[in-house]
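Following this message is one structure expressed as structure tokens.
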Amino acid sequence: MGTIGEHAASVSLIDHHVHGFWAADSPDAHDTRFASALLEADTAAVRSLDDGFDTQVGFAVRAHCAPLLGLERHCSATDYLRRRRELGETGVAQALLPAAGVAQWLVDTGFDVGLVSPEELAAVGGGVAHEVVRLEQIAEDAAAASGGYADAFVEILHRRAAGAVATKSILAYRGGFGGDLGDPPPALVELAAQRWRDDGGVRLTDRILLRFGLHRALDLGLPLQFHIGFGDRDADLAASNPLLLTDFLRDSGDTPIMLLHCYPFEREAGYLAQAFGNVHLDGGLAIHHLGARSGAFIARLLEMAPFSKLLYSSDGCGPAEFHHLGAALWRTGIARAVQSFVDADEWSRADAIRVIDMIAHGNARRVYRL
Amino acid sequence: MGTIGEHAASVSLIDHHVHGFWAADSPDAHDTRFASALLEADTAAVRSLDDGFDTQVGFAVRAHCAPLLGLERHCSATDYLRRRRELGETGVAQALLPAAGVAQWLVDTGFDVGLVSPEELAAVGGGVAHEVVRLEQIAEDAAAASGGYADAFVEILHRRAAGAVATKSILAYRGGFGGDLGDPPPALVELAAQRWRDDGGVRLTDRILLRFGLHRALDLGLPLQFHIGFGDRDADLAASNPLLLTDFLRDSGDTPIMLLHCYPFEREAGYLAQAFGNVHLDGGLAIHHLGARSGAFIARLLEMAPFSKLLYSSDGCGPAEFHHLGAALWRTGIARAVQSFVDADEWSRADAIRVIDMIAHGNARRVYRL
Amino acid sequence: MGTIGEHAASVSLIDHHVHGFWAADSPDAHDTRFASALLEADTAAVRSLDDGFDTQVGFAVRAHCAPLLGLERHCSATDYLRRRRELGETGVAQALLPAAGVAQWLVDTGFDVGLVSPEELAAVGGGVAHEVVRLEQIAEDAAAASGGYADAFVEILHRRAAGAVATKSILAYRGGFGGDLGDPPPALVELAAQRWRDDGGVRLTDRILLRFGLHRALDLGLPLQFHIGFGDRDADLAASNPLLLTDFLRDSGDTPIMLLHCYPFEREAGYLAQAFGNVHLDGGLAIHHLGARSGAFIARLLEMAPFSKLLYSSDGCGPAEFHHLGAALWRTGIARAVQSFVDADEWSRADAIRVIDMIAHGNARRVYRL
């Protein structure tokens, strides 16, 4: 692919939304835990290991990760699982993470399923780590605190944010984006908080408190990340269509809004990134799950969104394969897409290189002030 | 296209959702009946024959079917119509059906517009036929029976199902997927049935009775097929978005759910097939109507759905051209898609062949226990 | 690309939905006005000129328009802006418009932001101009007239329509397509008009009056154009999904309905064009904003819509670059799409040429009786 492909293969990445890899092996469920992770959307364990491996991401693991673990490209699932049992999660991560070529990891620490810390991720993967704090976790901490909920939320948010580069909302998993997302009146917030505290502060689904958290994140001004579209079935996919955020975006001022994942709403998200100066997007999570089809998805991301609004992320979480595949597939996918534009003489080669750099790290560096 | 193309061209198919071809010629309307069928979505007769032929499916008929009827590839519509008048519907079917390479036909018998029986379809097309029974037809029979509606429905369903391999719902044509799809209370079912009987048992649109039928089909446990997306305008396309079925799917247990057609919601359907272990999908009906663009659609079907969840169908109904085109276009489309993955070294050649076999017949054999 | 590419490059176009180019230079804001126009969806001025130029349309301007202004292909944004300051808006239009190869311009005169008249557009661009009248403008004139609103609306509509070829609705910008779009009772119309007149006849958003206007346009029988999908953020993109028009289309009789732009709902619009004999569509506005990705969009337009239902438009408005790019990108995009069909032997070469002619001008000539 000549210069463009080589450039994309080696450009330094900022993974602006990622989680840790699995901190510990799972001796009793090593294979099923991994195969289940290959079916992101399904919250149940896989019925058979093949169900996980007979997917685009399963094929991509055997194509891209196997050689780095000393196996043949396209080796069998059985051989792959045996090898990753031998290496253990840390061994797999040591083999795969540095090859992702990531210089900075922005780590969402709000989803703890036995993952390594940001520091441990960077220690294995190279580069440095920064923290992204989840609003719903701050809400839980505020509910557990004494005194007024609103004051506690703001205090904790500012304390946590002092060491973080962004906030993150999983409103998609807490009822979705439909309905009023305006800033609720203070009196309602305290009433809702009292109700939630009386219920024991379980999983937050109260709309008043969710909306309150979003608006305090807007006040804070750090980039605010939203889970959009593809994820597990705990979220209703239709309710995470980013167009449902349109009115919220109209009121979001200058706080950068980061639409994550976006599949299958990537064209809608791209429109929003053109419509609102503070809206950005990526294709993380979807890219590795799309495997051989990720190139078509990456090309669609290059439609209506201004190039200054596109970022790279893997959303890797659990198996270190995902942190690696996100990068490997993005590198080949972006190269193929922009090479086709250059071949048609629609883009110059210099622009193609420049846009790759913007998405790989330039835009993230600017937006997150890294 | 080498080995993959040859394999796809000859692999044996199970057409898991199909109807009969036209049982009789239509001397007065032979040409308009055919041209109207080329505009699936339009329930009115074509204004001119060209309106039907100047479509992707019209061009595909002239490209793929003409040579099998002794005409030149891309012959004129006029020549094509003259030749199919000479042959009659049965002659056309005899020329086209065996060339589809279908070993088993799963025939929805609930839509009778003068079509041959499953046995006649198999006699002409080769292979064997199985029946798929429509829930709405069973509802009509239950309304016509004496005694309690619920008992009659269950009795007829089990009797019909004893000789069938699946059930089928056209809820998309009876108000769509919006709203509550839970199992209604028995008392409401009898009240709704009484109201419907009093009205003369016309076309079933009562939501209580439609929901009742779905849940009895879940109890039965045979695969339950749903019309999704593209079809004629009697259905509201937006109301047949499969994401509206999400809550229903959460409660559907282990009964296999088969999402049919899916255009333009194939990516949403693929997500559901990943999210729920019992959900499957196909691209029937859309594939032949997309003609030269069917390859792009087939490639999109290969995104989020696990490969064990994809099936082949034609949804041929009326003109035997559709039974043939469904197969011919699927064969070239799947070959081109997976060949491109192999060429990029994302898939192995062996996996490509294996996935073709799974979609062509392997998954259907497993799900329908054929 | 051989014969097909050459044919597409020179075929005469009817631009069936377009506006004038900027009538006057903007000495104080020449560069920012242009760069802001590159971000169609954003109603705010660009923060930096790069934000506008680092887009698909920005790259397309530098690729396609620069050479016609005497610059190198892919020249810098700075050079491009300097050159267009030198030439002025009229100079730019003189360089770019004739090269679009448009024989007839159907000009929506209802959006006046300092644009040239239809006659001036044709004088510079070549060919002849026709007028398209906006229903919302007629409503404003009817509100300003004395006497009954309904009578005034009908009188003005007929007077304006006598010199026009079509009507246009921007319902997408006035609340969208949701809810009842039936013909309102006359008494309600006069009440709503009185309320609007009492409010000073500002921007029309009253649903009763908007619906009234649509149905009078149906009565009139001239083609009725609808803004669909992509546009600026004053419209809620989700509310301009054309599937929300389905019930309205069921009642629209024989009046041709023209769905404009359609991104990202082009597949939904194509379905409607197959489902309803009077529904047509185009990809104007989106084509030039998609730049190097416009070919993929044009290919998707060639899915479910009968070829007799597709038209060409640029929706150029303001910078003459858009009038030119719409044509240039459509010509290469349609050629590449149909050439791929011919290369696969799915279409004949003669059909490919014929379909290009239908979309370029044949369908518009028939529908608008030009």
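Order as written gives the chain letters A, B and C; numbering starts at 1 within each chain.
Assume contacts are C-beta pairs under 8 Å (C-beta built on N, C-alpha and C of every residue); 3 or more make two chains touch, one makes a residue touch a chain.
This one's a predicted model, so the numbers in the text were calculated from it and none came from an experiment.
Interface residue usage between subunit A and subunit B, two copies of one sequence, is largely distinct: under half of the residue numbers at the contact are used by both copies.
In the CA-based superposition of subunit B onto subunit C, the rotation angle is 120 degrees, rounded to steps of 5. Between subunit A and subunit B the centroid-to-centroid distance comes to 37 Å (mean Cα coordinates, whole Å). Looking at subunit C, no residue sits in touch with two or more other chains. Residue ranges on subunit B touching subunit C, taken from their complex, read 39-42, 44, 47, 50-52, 54-56, 59-60, 62-63, 73-74, 230, 232-233, 236-238, 263-264, 289-293, 296-297, 332.
Partner subunit B is touched in their complex by these residues of subunit C: 241, 243-244, 246-247, 250, 267-268, 271, 274-277, 299-300, 302-304, 306-308, 340-341, 344-348, 350-351, 355, 358.
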